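Okay, so subunit A shows up in both of these, paired with subunit B first and subunit C after.
Showing the complex of A and B:
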């Protein structure tokens, strides 16, 4: 009887020790643990961002990044933040934009810092949330910058003399894509619903939840339009190619999904994406002729915002609110201009390397330091 | 039945479909097939629909509802893509190598599915739901939920579907193989006997279990071909199809299966599936012509309405024929 009791006690002890050991092993060894919300897990841009954080930032700072799977909706984003909070993440970086208001509210509820690394809040939403304690800020192209990026693309093809285009609206009504799409139409010299004013165009696109080809008027004809990605996308892109447009203009993700098809069809195409190896191949050997892009380490300043906040020096603007820094796009129209940016931002020596980031991380860093650096890159 | 009636009955639906759709296009200043690119798409899509329909019908005709077809197509395609890419790194010859591996992987997955069915002896609809979840889970684990892209984006793959010839060869080879296997072999005779009267067939000594397993293997191999064609056509494979995300592929085959079964009254069911696939592909090509006006969601509604209308017709065929004949006799009188 005594032996059985001892055995039982020993087994209980071993089980408890095992559980404690397992807990200790799963706990983060790093000082800082950041959860990253991602909507796109497959695209080269997303993988470039991830590689920069995991292979460069995590190597150079005492930080661990944990990622979500591909988030499809607001409920998934909220659940992911709750899970990260329960896993001990001190901060969230968002690359997913289904419902950023709920993201900020959830982070505020759980007391974890939050920053936006892709796109920015629209003006009204930013006004609402800029004073939140746990909103550390946003770094990315502002909506006006997105519009200008699309407009520059449209103007480029207009100058090339194209008279018909097909267009990919990516994930409209995502605001970033709405602004870019409106910019493309304006850049082509066309109107949408009878106007080329940015705010009037985007108002209509938000209402339509897509680009309605019947509402595009002007010298350059919109022969086909598609958006989103799903079961019918291949049929839609094939339909667009069959209409033989002179160019295919995309406001995002076309290089991820359609490069092979457009190369095969011999249709010159443009995209707003990032400087990745595959896009380099597409611009040098394929039909990609215009790329407005970000580089992988462009999300470095967002990490700096988070690290400062967690370390007790949250960066705030002159009015004590969360900062919003605008980043522009770099444009490549051939292999040479592509290499200029791509080579400068390689894995071991990114544009936002440790030395550069260290200049905006620390107890003495100010809003002005941040602004000066981000706007210089 | 006279030969003339057989020919007329066999070709009536596809010819009528082509005529109606071409008229709609011409009225809008277009054609169903506008150029070589659209013809390539037409033939490739015909191949995909025909093969999927055949795979669906093999088990469904025997009372075995199989939800796992889509997951087999996706998982076998990913397997084929990964292995062929590891061997050739996307170089010349990648497409035929991937096709071969994908078909073998599909057959193996079909074998697994069939063995689970015969081992568990549960209703096939239950078993296939479980198998679908397992295969989708393996697919997700295998790919990390990401799209498989680099492995299928190469000149060999795009070249394979860049011309109608390869798809046409696949159509002919698979059609002949299916006719040979199901109409001219002992396995096929047994399959047809089991399909038409399971109890009687089993009592005459036909072994149902090996026949059912072989059906699953053939379905798996066919879905391997579909997985390959979809990968080449889409230039990616969705590795994140969880929670029955893969079963939609099966629903694309319902309407052609019913149309094909109807046509089979006048000829072979396999030929019926081909002609039904041609009808669906004509419809798909027409949607492409009107892509700016008819959105993807509207296309889905049109497909669903056509399915419902055709099922209503099939279920009330005698009633409709009787009504029209009576009206004709009244007019004559």
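Showing the complex of A and C:
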């Protein structure tokens, strides 16, 4: 009886698996298939990017995008690239940065084009890989741009006359967040460990693995600091709020984690994130007063780089190397300026719409055409 | 009456044999299903199989070593962190000495030392070994992250030059390593007194103690074997991707648990422990995840694969536990 029951359970499982398999037997019909490596699948920025590719680019070009689930490490990234290669993807767009060197090497091994859409390579790594045949290039804020974005935020609040701030370091020692945090301190007119030089500051922050408030000196006091997100975060943000800072400055994700608490506490806050609906609500109805953000279609040029490469016209700079285009952040300080970018970038007419992208897709497009367009946005 | 009892016994034996065979059948079915789906979609099976193997081999070696701990009725949640820490030490050693043998020595030395340290702590403070492994998980993760992020700087990770391990990144080498380690474990587990005594301890610790078997002695053996598995896993991780980030091997701890269950071994350890459980279950688990990825591709919902995988896990536990849901000790 027991054996029969076990056999029945097993056969049911196999039948179910077979049925699932039958539903999976559909092959792609698009001319271009691109695999997208994703580390953060739930963030608003990631969802905005995905929506742009799937709902706008895929509608206007003969392309199919396939996505990974949340990638955790270098092995996951490499395995994902191998699977994409097996699935016939001609190119990979990377939004995941555990091990970019291995990503490029793996793409090169399988003859798949590769481009970076978020968190660009540092100078040393870029020098190493810029000559690789299948490295199509990178578009996004470089480390210096991240520093400048933080600095602009700090300068804004300094100009507002604030004398005390709390700070959220997001996921330091993530390099992007380290550069932004160093920028914020410099922008406030403060020093970290006695210096306001970018490289000296980030060197110390990497060594400290955090911002040490005791090392921040200057006119604007850092009353509280927290980073990461875990069991103690709620206590830490409450403690920060109780210090009654005049502003709460975040280098990322604050609008995801802390909007409600900061709104309730009535503390003006700033973040570096993206132009999303939730952030729009926070800036119009809440205490968000400064947002440096990317917009969803900012990853349009990366698609253009890939499309050109697959079509046989890889964009190369004057020296024949893969291009690296820097993209800055757009800044909103109220609902009106937010809408200027958010509304403009949504629906059927994103900032990088088909007409704009078509100007940098084609056999005659050059590095200069690309550079001129990307730097103009 | 006697005939009825015999029939009942015979039916029970048949059921047990079927349960013993289930993990192999499941692996075969999953493999066939996987190949059918990949072929049906027109994908390249050769690349996919290589990837599956690379994913499975690390899990299989670490989990095979962990079988010794699970057999004792304990578990080690820090195996993923130990793998990360051993790989980190290996990278640091190579970068300091440029010597592959010294790197291997550092990897295996670190892995075995970490494992034994958990065991020694448990023994010294008379607390269950899994409690010390929880503490080790936090400590090793934090120390590794500190080293990696400090030394990796803006790269976010540390690594060794790819050419050092590239020649080893091929299936024959990895199969040979896996086979050698499995045979070693099989020998210790199945053919030595130590293996039998470990099963006895896992089945009934009180009885084992009353017959003069020292728990600590066999715990040390179990953690040593697990340490060798971790070392091998760390080395194979570096062979596949010669870099280490703070999240390397982060998912291994829970995957081992699932793999062992998928392999048909009771999570309580004891006499029904099977040394092949990790190997069979590890590859079954990887195959299942990949099948779900393929079936649900296009990202109908993030996390759906994990939900389906969890349901499958519960179903496997239900089916495999049918045959030992009894008040009697296994016989």
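In the analysis below, the second predicted complex is superposed on the first by the 349 of 377 C-alpha atoms of A that agree within 3 Å, B and C clash if a C-alpha of one lies under 4 Å from a C-alpha of the other, contacts with A are read in each partner's own complex, and residues count from 1 in each chain.
By our rule, a contact is a pair of C-beta atoms (placed from the backbone, for glycine too) under 8 Å apart; a residue touches a chain by one contact, two chains touch by 3 or more.
Computed from a predicted structure; not experimentally measured.
Shared-chain residue A:207: touches subunit C; no touch with subunit B. When both complexes are overlaid on chain A, the residue A:198 reaches neither subunit B nor subunit C.
In the superposed model, more residues of subunit A are touched by C than by the other of subunit B and subunit C. In the overlay built on the shared chain, the residue A:73 is in contact with subunit C alone; subunit B does not reach it. Of the two partner chains placed by superposition, only subunit C is touched by A:97; subunit B is not. By the touch criterion stated above, A:178 is placed in contact with subunit C alone, subunit B being left untouched. By the touch criterion stated above, A:41 is placed in contact with subunit B and with subunit C alike.
Touch criterion met: A:259 reaches subunit B, while subunit C stays clear of it.
In the superposition on chain A, A:232 contacts subunit B only, with no contact to subunit C. Contacts of A:86 after superposition on the shared chain: subunit C is touched, whereas subunit B is not. Touched by subunit B in one complex and by subunit C in the other are residues 41-42, 69-70 of subunit A. Only residues 41-42, 69-70, 213-214, 223-226, 230-236, 238-244, 256-261, 263-265, 278 of subunit A touch subunit B when the two sit together in their complex. Those residues of subunit C lying in contact with subunit A across their complex are 11-12, 14-15, 18-19, 22, 25-26, 29-30, 33, 36-38, 40-45, 47-48, 50-51, 54-55, 58, 146, 149-150, 153-157, 159, 162, 237, 240-245, 247-251, 290-291, 293-295, 297-299, 302-303, 305, 312, 315, 318-319, 322-323. Those residues of subunit A lying in contact with subunit C across their complex are 2-3, 5-7, 9-10, 13-14, 17-18, 20-21, 23-27, 41-42, 66-67, 69-70, 72-75, 77-79, 82-83, 85-88, 97-99, 101-102, 105, 110, 122, 125, 143, 173-175, 178, 202-203, 206-207, 209. Taken in their complex, subunit B has these residues touching subunit A: 34-35, 37-38, 41, 144-147, 149-150, 153-154, 157-159, 162, 233-236, 240, 248, 284, 287-289, 291-292, 296, 299-300.
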